[in-house]
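One structure, pasted below without further comment.
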Amino acid sequence: MTVYLLCFTLLLVGIYGIITKRDLVRIIISSGIMGYAVNLLIVLFGYKNGSIYAIFIKDTPVSPQMMVDPLPQALVLTSIVIELGTTAMLVALAVRLFEKYQTFDITKIRRLSG
Amino acid sequence: MPVESWLIFLLSFMIVGSIIALEMKDLLSAVISIGVVGLGVSVAFLLLQAPDLAVVQFLFEIFSIVIMVRAFIKKDYHREEPSRVNKILAGVTLITLIAVFFLSVPLFKLLPAFGEPLMTTSRYYLENGAAETGSANIISAVILDYRAYDTLGETTVLFTAILGTLTIIRIKKRSKVAEEEKP
Amino acid sequence: MNQQAGMTLIVKTVTRISVWLILLYGIYIILHGHLSPGGGFAGGVIIALAFLNVMLAFGRDFIKNWLNIEMLHDIDSSSATMFLAVGILGMAFGGSFLANFIPHGTLFNLVSSGTIQVLNIVIGLKVGMGLFIVVWALALFHLDRKELK
Amino acid sequence: MILPFFIIIPLLTAFIITLIAGERDNWAVILSIIAVISLVALSVFCFVTLNGRTIVYEMSNWKAPIGIILAVDALSAFMLMIVAVIALTSLMFSVHYIRHLAPSWKYYALFMLLVTGMNGVIATGDLFNMFVFVEITLFAAYSLVAYGCKAEEFEASFKYAIMGSISSTLVLVGIGITYAATSTLTLAKIAEVLQQKDPMVTLWIGGIFLAGFGLKAAIMPFHAWLPDAHSSAPAPISAMLSGVLIKALGVYVLIRLFFNVFGGITIFNEVFVILGTISILVGGFLAMGQWDFKRLLAYSSISQIGYIILGLGLGTWLGVLGAVFHLVNHAIFKSLLFYNAGSLETAFGTRDLRKMGNVAKALPITSFTSMIASLSISGVPPFNGFFSKLIIIIAAIQAGRPVYAFLAAVGSLITLAYYMKVQRFGFHSRNIVPVEKDVISFGMNSAMIILAVLCLATSVLIIPGIREVTLDPIVAVIMNKTGYISQIFGR
């Protein structure tokens, strides 16, 4: 239970960073933190006490009951790649924004009214 | 229960690391502390018996650090501009997030405790995954056979992200030098 | 090969050896995707990091003629099309989209799990080429901005 | 048997366009138009031959809870048809518009990926798979919004990307908690397991998903990103975003989750009604003050989405009928209005209503179709907007909520007001402004005419004879609530 709550606080730190930070790079960093927290939370849901990784090895028979839950791990493998896609896209946008506005401060990037 | 205590230590280390990453004035050290937090996640995956994930997280972490350093540190801009952070907004968000935290504590009790997952569908994967798909690595079996459609979507996400980044950075596919940017 | 591009001589000589080992390790991870941890995604990123290593050590112009960048674009999109082709073949032979229609072979040996291995290779190529193109685009973007000034 | 083709056709086209892309983009244009026409034919065929059944297609030959399934019922087939039709008209409009803006094959590849993502979200019956295809749609939308490479477009795309990453994180947290509570990912199985679980879990999951997908549907508290993103995108893309994307990613998913999976809990219906009404009023007031044509249309989208959410929140048969009918009407006339904005922009080079001159003679088709669209969106009788808003208002009265009915009517008046402003300044103002001669191509005009005709045609849907065949099976699917489980598992 405490592990879930710690992971949830990591998520809240990420959300805090996105809402209050002024600097584009900080916003990209906090979106990264949010991604880590969510991936970790899903894998935490899939862990079984005293289990081993879900890979059969040639000559050491392992009973399937002793293995950890493979489904959350498959989901998180996909969402890690999505995280990288988001970061690459945000970095590309931030670079072009810096080229146009010569600043990383989101409050100064205000050409759109309202 | 060594795993849970190790995880609690690692998670609190990561929370401190990410707070430092947000509050640090210098940009380069902020990016580096985020790298450390990412590697902490990779170690946590190892503790949670997920070697597949630890490798992929570790490598993708290196990649996002390379992209960020490549894009941001090259500029002659290391210190964050001293913009006036809106104190009220920061205070209000902090209070609401703490309230959300305490509201969700009883809700986390509803879920099965840490270490006792229900595993109704994934018991099928473990029992006859190797037999039906012929792959020893059950996670590869789940990704590439049982839920191969997810991975098709996943490849398309990566394809779209790369195509989108190229569109935004306006590198023409055929020409050698980037075309002159229209003002 | 002009000396001033890229890093010092020591880094270049070390990279000249280590790049091939990294590439070999990446291919190993892709091929053994269904037996050991790792697989298409991990192996692909290792290949992308190998190319990145060369680009950082030897500079952009060296890599432009060492690697044909247009070919990378084509491999990237053709491997994505191959993934879809395997899916359609599965629909034709295996009964439904993305079915595992290739015979599984015996457990634990190298060529053993039908389309899982084929898809691992396809994803490895896709992730490897695609990620290197992203970093290449970022590097090229800085190149022309300096010339603009 | 035909279900995977909804995803294969656009995806294969996108990959082939990337492969054969040369300097000139006419290959890309031909391929994508062929693909979208085949999608329109496929979706119409699928909707017609459906008559009330739910087609289930098991991916890679595995049964429902083990593998992933595609589940298409009347609601999904209807949404697939809307996506295909609006994609076809947007493509026809963008052939000339994009050549005028920045010709490149990338636009058409990203457009096909956008259509793939939406088709994937609508057709799938698996929760995590829906999230992956939502991500595809969002990535394609970010880069298409930033396609023009101007400063405001990067800013709008960055803010849209940040909002998108927050909502994706919330959705992923929701999926994690749903998996922890029910340990399955197939929507029908989740619904089945959630019935035996403690109702607090369903409320918690519903709250997180409401926040996550509400952000994508730009419902009131989460609407901030929409005006920037929809106004700075190229016109055909804002038509796709406003007309279809916020519906396929936002409203459709909310319907599927809150009616078919969670079984329409009264608390969420109340929340929908309140949020919908706030969206109607605030969206309308904000739209009044706008002078930029596309920002005005973006704010009016928020207000019209409010009507759909209000209709759904009522939970009665009539309310849901009004919501579904308004959903298709809004897709049609909002896309038409964005096309008009696009053609005005190419003709005058500006989006500011004050700087526009007398268009009636210079661009006859644009001004005539925009008159039709403005009348139908503000609910003037012969057009489709009138009937759907009327049904929602009557349903609100019947459901014993006269206050919301009154507010909806006020919202409709506000809509009428700012569209009259658009007509007066945009199309019939007195100042003479130089107009670029014959810059509106045949493709753009035909796209506008098709949608104008559809504006009239869809008002026919309300006649009882035709309604039984078209709208009633959709409302039956939604009102069936957790009957969705027996539809999927066939018992």
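To keep things simple, chains are lettered A, B, C and D as they appear, and every chain counts its residues starting from 1.
Note that in this section a contact is a pair of C-beta atoms (placed from the backbone, for glycine too) under 8 Å apart; a residue touches a chain by one contact, two chains touch by 3 or more.
Since we're looking at a predicted model, the values are computed, not measured.
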item: Which of B-C and A-C has more C-beta contact pairs; value: B-C
item: Chain whose mean Cα position lies farthest from chain B; value: D
item: Gap in Å, rounded to a whole number, between the CA centres of chain C and chain A; value: 23
item: Euclidean distance of C-alpha centroids - chain B vs chain C, Å; value: 21
item: Computed distance of Cα centres, chain B from chain A, in Å; value: 3
item: Euclidean distance of C-alpha centroids - chain A vs chain D, Å; value: 28
item: Overlap residues in chain B, where contacts from two or more other chains coincide; value: 51-52, 56, 60, 63, 67, 71, 111, 117, 119, 121-122, 125, 130, 136-137, 141, 143, 145, 147-151, 153-154, 156-162, 164-166, 168-169, 173-174
item: Multi-chain contact residues (two or more partners), chain C; value: 36-37, 41, 73, 77, 80, 84, 87, 97-98, 100, 107-108, 127, 131, 134, 137-138, 141
item: Touching two or more other chains - residue numbers and ranges from chain D; value: 11, 15, 18, 59-60, 128, 132, 135, 139, 142-143, 146, 149, 154, 157, 177, 180, 185
item: Graph class of chain-chain contacts, one of line, ring, star, complete, other; value: complete
item: Interfacial residue positions of chain C with respect to chain B in the complex; value: 29, 33-42, 45-46, 48-49, 52, 64, 70, 73, 76-77, 80, 83-84, 87, 97-98, 100, 104-108, 112-116, 119-120, 123, 126-127, 130-131, 133-135, 137-144
item: Touching residues (chain side chain C, partner chain D) in the complex; value: 73-74, 77-78, 80-81, 84, 87-88, 90-91, 94-100
item: Chain A - residues contacting chain D, complex; value: 11, 14-15, 18, 24, 27, 31, 34-35, 38, 41-42, 45, 71-72, 75, 78-79, 82, 85-86, 89-90, 93-94, 96-97, 100-101, 109, 111-114
item: Chain C-touching residues of chain D, taken from the complex the two chains share; value: 4, 8, 11-12, 15-16, 18-19, 57-61
item: In the complex with chain C, residue positions of chain A that touch it; value: 53, 55-56, 58, 77, 81, 84, 88, 91-92, 95, 99
